[in-house]
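One chain, chain A, appears in both complexes that follow, with chain B as partner in the first and chain C in the second.
Coming up: the complex of A and B.
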């Protein structure tokens, strides 16, 4: 097991190098002057374009430029993000907790709804409940997040004037940035409760409702389907028939025997689902003006804010490799028949 | 004869799945709209391209449906009905071209990777590892941002994110098929590598890939529309659903006191994208269920 984890951790820098090299390569499609103009914020500076090219070494061969960037990163300097108006490291520290909170608030209901209704759907196969669940699932993953997001905003924020976009209201903004508000966890709802300010917690939570609903409705389908099909497979196996033949109540057969085995693929998949949510909230965050990693990375990518895109990509590549590793380890952990080698 | 009975069996299986049948009906409806676009929404005489939506004035405020504009107008008075009808063609174009392009690359690289093995295989697989480690949408946005916003570049970038999973899937199946006896027999008869690959290995390993690709059409359409929504797709006034919904973004809160004042600009293109993707997903689900009896 340790050997397996060590091997995967060795693989991590390889992927991260590859990801950044590829991004860097893509950016070389732009001429040095175009890339230099990305650093220019004032038209008057355009006459000094050549100096910018010299300063950042933009006319050097690509490997040399990459090396310059890499050396900085290895010194712990990820650069300055023009779109976030702060250093990349600070931007990640400020945006990541927001995304993490949103992901967590969506992931927990997804897990419960997915497993509960997935099981029920398999037990009551082809009955009304199963059909309803399937329809909800298939409409969920056919609905683009931006369509659902705009509908929800129009109805709940526009018409009913509840659940506003953003992360908090103005007065809470002042509160969170004041010196007597302690950031214990980075999860603002929790922090507000820990600070004893329930009104602020309510405000922050009300901002989470719509983006979380969007994510839940769109992503729950995957877990529903996996649970249902895995459950169906287990219910058809011999040991389930044996358990029934012994005269065990159906409830026990389903919950204690079949579901335990059916959850194996679900458990391993859920760590990947979590990461998928974490890096897949791009559009949802953009629509709801939610200041997280996703919204920032898309703005950075659109405006070719090189340090910003590189930083955001590095982070999500890192999470991706780690989540895959956790998923594999979990797999071996929940199912002793599987050995990692 | 055999294909005919297969089609008949397929039809019989489909009849038992009303939802999949519904999927075929939805896509059939959109196909009809796309085919009949010149009749449903005649191109104005002085238009440079059928895909440019006619503009009725320059008022930024969208208008509700009327006798003159059946679906109303978007901001800057683009006729929504015309955009929806011709946008159907754009939607099919995106769906078919993106999945087709990704499939071509996937089939080419996947079969080579599985067939030859060695350093080609190792190199290609590590490369796919790297692309899969990217947050897909962010990579696609970077590609479009570098190439410049346009519908063609959106299609290229979505295909660029899509091909690695196809390559890996086909590679796995090729690895299994290339050990089979009929491949050995073909080799013993002196068939060339290309002939073995094209005539024997690919036809026997491509099936799972095609099923996965048919299930992917919906999500590909969503990704491409999302890029248009972010303003990276076709220019304003081009008939594309993603572009139309992106134009509605500033109007979703309606006018003071009436949140639904411009409902048509969001709901009409939004429902169309939803139905289009739903149709593909229902169809893909049906095809998978019929081909893979374990999932029933």
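Coming up: the complex of A and C.
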């Protein structure tokens, strides 16, 4: 197992190098003036466009620019993100915990609802519960997140005045930035609890509710359907019939035999969902004014903030490789017939 | 068991979430000591010598203080702030030749920690502002009048020899007087000093690693990286508020009342300026009372005007011309997809198409200004009479303007290129920066009207992203382009130079030059007699009317969206990000005596929409 993990980790720099080279290659198609747009936002600055191009070396050949960037990275400096107004490493450190917290709060219910109700749906095929989860899945899968997000925001915040956007309220804002508040993990809900301030934890959690609900509703659909179809396939197999013929209770047949085997595609999908959430959910973060990595990386891409885009890409590539590795390891646990070597 | 769990799951989850959230939100509503402004833009830097964007400048206005400030909503009348008097010829503080300004400075001003401000701070602040001179920054606004140079570096990016000495000699102190020596008279100087180069603490700057004020080290701080300055994310000023935090993660700036302020402290204890990209979220927050004012533009006006307890303050004057249609006199034909065949054959346009004044005049008469203002922007603005907007000296209400006249348009199209334009027709692509609905509508009006004149006329309209727009604009590839201009300081020169002088921001890529205009613009800025100056700007706009290098389409009126409990807000169009931004010193929150049950529309000082066309300010 260790050998497998080491091999995967060794593969990581190669993936990252490849991705960044690909991105830099794509930037070849953009002129220096286009890339200077990041620094010239106001018509009052138009006359200085050429000076900006000179200063930031935007007219240098792309391999030279890539080499400069790579040297920086090898020295542990990911560059400065103009859109985040801070060094890229600081931007990742700053935005990632928020996204990670939102991912955790969303992903656990996604897994629970997806697997539990997906299994039930298969067991109760064509019954009321199955039809209900099917409707939930179809609506969740077809609803654009910005429609659902705005809808939830209008009802809960606009009408009932609960679950506000942002990451915390003003009083908590002042608290979390005070010297009395210790940032143990970067996950603010947990940090507030560790600081013994449960009111603040409640406030921070209340800000997570709507974005998490949006993500859960949108993302759970796929997991529900995959779990259901995978379970249906397993339930129709001979070994399940044999187990039933042996007189095993249905509960054991479903949970111990069929579900375990049905989990392989579920693990694959879950890891992809997890990476998707961790890489940032742009629309949800934008609508709920949630300061996560997705919103930042999209703004960086839109504004051609090359160091910012590179940083976000490196993070995504890293997460992808690691999550893939974890899901491969999980396969072995779920199904002992699979050997990592 | 399973069925019971599943049946109870969703209602239980919802109930739990509702109950845990309700309490904390209700506590945050309506805090009279805290003002929350929701905006769209994110600040760039807190450094007054770097910042050249309205979002940053709004924060700086509340933390730092310039020598003078505009009185109330006036853009003409200055009152002293750090200075003890406003210099004028009448009080003898401007010399007879207009080249020496003596500005007495107050002796009771303190920084935010209570330490007194000194004359060394005043001189240091002005020198630092002009000598930092970052690319595309604000330094030339003051550097030019004080030294005669438009920058500290030459075209090869080398420091101009002797520039430090020139700057040093132009900014002198004598006791508690600041004395500015100008190479030539420069009339807008006081208004520039009211908008730029606020006072920073020399001691604080040096202590935190910034320039020490000497000639030996200044080059190191010339054109720096933004984030290297201690002023980038920290602030230390004399203003009514102090910067608590600029959270670039949440796009939030928190200001706290300066308890050591040398005037009476501000009424608000905290000001929070927060960037939220999504309009709907901003709207819901002002509706809920968690925001006191929000950034809302004309295109979303209908969505904010019926919110209970939210006021629309309407018809607010602006100091900008937006949009302006520019013609490119000499189009760059290299790999240019906007000009069709590149010939006058009906399938394209030649590179000098707009060099023919008849073509420009034909386009000028083909555009329906009134229709655009009435229908596209719902009457919220006026047609400018030239590049000088209404409200500034030099605006001429009697200047002839182009009006929609299809017959005259046909007449000039028939004259253009000896009749070849009318006979053969043309095709070209007009672009706008993607997402700008007003500019898209403008082009649609132009296309419709021009194409209606002759079936051989064809204009394609295409949105392009800002980066591509910039690239095409700077390389003179766009046959026509639409941009805008907003005042840096309230003076006609700030419009005439960038829009009409051959060295200005726009005429360069347009390849437009009229030596008569260059000469007049140069003379007008040095003219110290207001009556003569006004006549000169009138003449400049007459020449603009003759040359038609651009078509100023609209001087917009704006509106502000705020809770009805906001009191004391004063609109001044020269304040950064006006009318969304704010100088918070006079602002406070108090419920109105009688709460209106429904949303209200207030009209404060409508100005531009009516009156005699002169002063539009109270």
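By our rule, the second predicted complex is superposed on the first by the 306 of 341 C-alpha atoms of A that agree within 3 Å, B and C clash if a C-alpha of one lies under 4 Å from a C-alpha of the other, contacts with A are read in each partner's own complex, and residues count from 1 in each chain.
Throughout what follows, a residue touches a chain if its C-beta (ideal position, glycine included) is under 8 Å from a C-beta of that chain, and two chains touch if they have at least 3 such contacts.
These numbers come from a predicted model, not from an experiment.
Of the two partner chains placed by the overlay, only chain B lies in contact with A:22; chain C stays clear of it.
When the two complexes are overlaid, the chain among chain B and chain C that reaches more residues of chain A is C. Legend: residue contacts after superposition of the two complexes on their common chain; A:30 is shown touching both chain B and chain C.
By the touch criterion stated above, A:118 is placed in contact with neither chain B nor chain C.
In the superposition on chain A, contact of A:297 is made with chain B only, not with chain C.
Of the two partner chains placed around the shared chain by superposition, neither chain B nor chain C is touched by A:211.
Residue contacts after overlaying the shared chain place A:142 against chain B, while chain C stays out of touching range. By the touch criterion defined above, A:308 reaches neither chain B nor chain C. Residue overlap on chain A between the chain B contacts of one complex and the chain C contacts of the other covers 30, 150, 153-154, 157-158, 286, 304.
Those residues of chain C that touch chain A in the complex are listed here as 2-3, 6, 9, 17-18, 20-29, 31, 34, 36, 42-45, 52-53, 135-137, 157, 223, 225, 227, 245, 247-252, 254, 272, 276-278, 280-281, 284-285, 287-288, 290, 466-468, 470-471, 473-475, 483-486, 488, 498, 504-506, 508-509. Within the complex, the chain A residues that touch chain B are 14-15, 18-19, 22-23, 26-27, 29-30, 134-135, 138-139, 141-147, 150-151, 153-155, 157-159, 229, 233, 279-280, 282-283, 286, 297-298, 301-304, 309, 312-313, 316-317, 320-321. Looking at the complex, you find that chain B touches chain A at residues 19, 126-127, 129-135, 137-139, 141-143, 145-147, 218-219, 222, 225-226, 229-232, 245, 248-249, 252-254, 259-260, 263, 266-267, 270, 273-274, 277-278, 281-282, 285, 294-295. The touching residues of chain A, when paired with chain C in their complex, are 30-31, 33-37, 39-52, 54-55, 80, 84-87, 94-95, 98, 113, 117, 120, 129, 150, 153-154, 157-158, 160-167, 169-174, 177, 199, 202-203, 205-206, 209, 213, 286-289, 291, 295, 304.
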